[in-house]
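Each structure below appears as structure tokens.
In what comes next, subunit A is part of two complexes: it sits with subunit B in the first one and with subunit C in the second one.
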Partner chain A sequence: MAVIRGTKPTRAVLIALKRRIKVAQMGHNLLKMKRDGLMIEFFEVLTQARTIRQELVEDFIRAEQSLNMAKATEGALAIKSVAFALQKEPAIELESRNIMGVVVPKITADSVQKQMFERGYGIIGTSAAIDDAADAYESLVDKIVTAAEVETALIKLVEDIEATKRRVNALEFKVIPDIRDTVRFIGFALEEMERDNLVKLKMLKGKAQRAEKAAEAAKLAEAAKSKAA
Partner chain B sequence: MPVLRLPKFGKPVKYAYITGRVRAMKTKLIPHEMYQRMLGMEIPEITRYLEETQYKEEIDLMAKDHSGAELVEYATFANLAKTYRKLLRVSIDEPEFLILEYLRRWDIWNIKTILRGKFYGASDEEIMKYLVPAGELDQEFLEGLAKKEKIEEVIQAFDGTDYYEALTQYDGQMLSSVENALDKLYYFRMERAVGGTLSVGGGLLLKYVRKEIDVKNLVTLFRMNKAGIEASVIQENLLPGGKLHEELSRMAGQSYNEFVRGLEGYPFWGAISDVVAEGGSVSRIEARLRAYLVRYAWAISNYHPLSILPVLGYIVSKDTEVSNIRKIVRGKEAGLSAELIEEQVVS
Partner chain C sequence: MQIAVIGRGDSVIGFTLAGIRKAYETASEDELISKIEEVMADPEVGILVLSQSDFNALPSRLRGTLTDSVKPTVIAIGTEQSTEMREKIKRAIGVDLWK
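Up next, the complex of A and B:
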């Protein structure tokens, strides 16, 4: 029995504790609903994350193959030279959105995928192999940005689910039982006090009755004495 | 475009010496049968084989800084530069002029690389690694350019030359317009220079240059039509000149299928029809067109033995040899299949 320390066993405290149980139970139910809702969202995002991760791996392999092909046909010197000309970095925009109270990032990247004439290298002096490699890596970067968004959302959901589960368990296995135990303790204490009072009353009553009887007996003895005299 | 003043040479132009030298240099080229054997070798074996050829000096020199496929690529490029500079040293008059004009493509490569490096903010040591001094601009001059602080200083270094007008197209944002302008300048000069030659073989050389322009434009059309880019943008990226400029220009902006159908019947169709029919990638089509051009150069190189044509044949052969070796070693390094590598090798 885990009674809350420092609790005074009074009726006022008992009433307050009973109110607290109701509130704690309501909170427990709400948190359970939140936990269940987050789990549903989590599994949806997990499916998405798995698909995107798979696509990311495929895009990476494709990008590596394109680059290898470009190195083979044009030479590493040409590829490195062309790479110097590609300057425009993608603009990454970070916003946030809400999934059941969990704040997750929303990442958008601008100017990742470009037309070949927007990349910075001259078309005439370059080749299709370079276009293919650039296309493949742009697609990969795009996918990385999407994966970052989805996987970060997944991590945040997991963290929040863990926190919610801890709170649900704390309420279910500690807070509410402790309050219940304390209520029981106060009930017992109050009952005991009542019994004490009852016994005291009975004792006092008995004493009073005995005193009354003794007084009556003394009165009778007095009366008998005066008659005899 | 700049006005190209053609030098006047004494008639008859003497090609006997240079063609004799080229005949001797050609004996040092790797036999075509060797490529098949190299496909079955590992990279160290290929390197050891190359040490028994004219590439020995460069491989020995660069082995302390590089290894594997990188060593082979750097060594073969260095040997290419050395060979072309030797060709320039042993030629005079019209042959020297025409060879120089042809090899300016390496000057363009180097200028682009330096501009790109400055644009990116690379160090001068980094930039120097990717230069191939195989044209008129020598190592010392290129090093001086690479050491300049800004792009504007590099551009200013060409003030008074034909390159300056093309270089001043740099808008501070992207290099593509400058690069295209340099390439257009190169082919403009080539066509005018070769068109002005009076000696035998000049006509065929001009045909080759025009064919090269047509092939470049064709590749641009394949790349940009397939990507669905609009006609006006494509036309800005086409080289002026060539034999088929007007017809190819009209094909800019067409749907890919319509464009491909319009190519049937042209002389180069035979080289690419099977790849196009399979729905092959543009890079495969490009490889076929490059091979078509190389084989044309080889075919015409024997037409007039005492002309610029054998020299062209040798220059193209040397370039193709370096390219083939690189494709084999880089392909092996990347784990590409032998069939895929063989498709790229021209022999």
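Up next, the complex of A and C:
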């Protein structure tokens, strides 16, 4: 029995505690529903994240391979100089989305994938290997953006699930039982006090009755005395 | 916002080819860590890309902050397995779902 420390066993506190139990139970139910909802959402995002991860790794391997080809045919320096000639930088946009109170980023990217002539370097001076590598890396960057969005959502969901779970368990196994115990404790204390009072009253009543009887007896004796005289 | 890439040697060339300007080459681990800290403080960077092997070699504390970071979002790519996400899920759900 874990009674909340410092509670006074009075009727007012008892009523307040009973109200608190109700609120705590309502909160517990709501949080439980939130936890279950988050779980459902989590599983959806998890499958997404796993497929995207797999695709990301595949894209990465492909990109590395084509880059190595470009390096082998053109040399690292040529690739660097081509990179310097690029005009557009991929820009990303961060928005936020709300999943059951969890704020999750929504990332959109534009101008990642470009046509060959949009890139800004001459077509004649460079080989097809560089174009291939650029293509592969552009699609890789695209995948990275998607993966970033999904994985961040996953992390945030996981964190919130953990926090919600903790709160649900704290309410279920600590807060509500404690309040229940305290209510019982106050109930016992009040009963005890009532019995105490009853006994006290009985004692007082007995005392008063005895005093009355004695007074009556004294009166009778007085009367008998005066009669005799 | 921009994407940033940090990697060892010339592993970031490919990303410059995709148009990313903030691609940093680092030579040593200390340089890698200081560069990561610099990029994390940059408000213009939305996504930070690292290679998985570099990421795994980082001190675990830094790894934790990188995994928790949302802005910028840090993503490690490579053929090696990442353990951070797995551990997180295991701790929160109680079951190892990432297989």
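Everything that follows uses one rule, which is that the second predicted complex is superposed on the first by the 226 of 229 C-alpha atoms of A that agree within 3 Å, B and C clash if a C-alpha of one lies under 4 Å from a C-alpha of the other, contacts with A are read in each partner's own complex, and residues count from 1 in each chain.
Everything that follows uses one rule, which is that a contact is a pair of C-beta atoms (placed from the backbone, for glycine too) under 8 Å apart; a residue touches a chain by one contact, two chains touch by 3 or more.
Since we're looking at a predicted model, the values are computed, not measured.
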When subunit B and subunit C are modelled together on subunit A, clash or fit: fit
Subunit C versus subunit B, contacts on subunit A by residue: C
C-alpha centroid angle, subunit C to subunit B via subunit A, nearest 10°: 20
Which of subunit B and subunit C A:82 touches, first, second, both or neither: both
Which of subunit B and subunit C A:177 touches, first, second, both or neither: neither
Partner chain(s) touched by A:206 [first = subunit B, second = subunit C, both, neither]: neither
Smallest distance from any CA atom of subunit C to any CA atom of subunit B, in Å, after fitting: 9
Subunit A residues contacted in one complex by subunit B, in the other by subunit C: 71, 76, 80, 82-83, 88, 119
Residues of subunit C touching subunit A in the complex: 1-3, 10, 13-21, 46-47, 49, 67-68, 70-71, 73, 75, 77-79, 85, 88-89, 91-93, 97-98
Complex contacts: residues of subunit A adjacent to subunit C: 39, 42, 46, 50, 56-57, 60-61, 63-64, 67, 71, 76, 79-80, 82-83, 86, 88-94, 105, 107, 111-112, 114, 119, 130, 133-134, 136-138, 140-141, 144-145, 147-149, 151-152, 154-156, 158-159, 161-162, 165
Of subunit B, residues touching subunit A in the complex: 69-70, 73-74, 77, 108-109, 112-113, 116-117, 119-120, 122, 129-130, 132, 174-180, 182-184, 216, 219-220, 222-224, 227, 229, 233, 237, 239, 281-283, 285-287, 323, 326-327, 330-331, 333-336, 340-341, 344
Residue numbers on subunit A that touch subunit B, as the complex places them: 65, 68-69, 71-73, 75-77, 80-85, 87-88, 115-117, 119-125, 127-129, 131-132
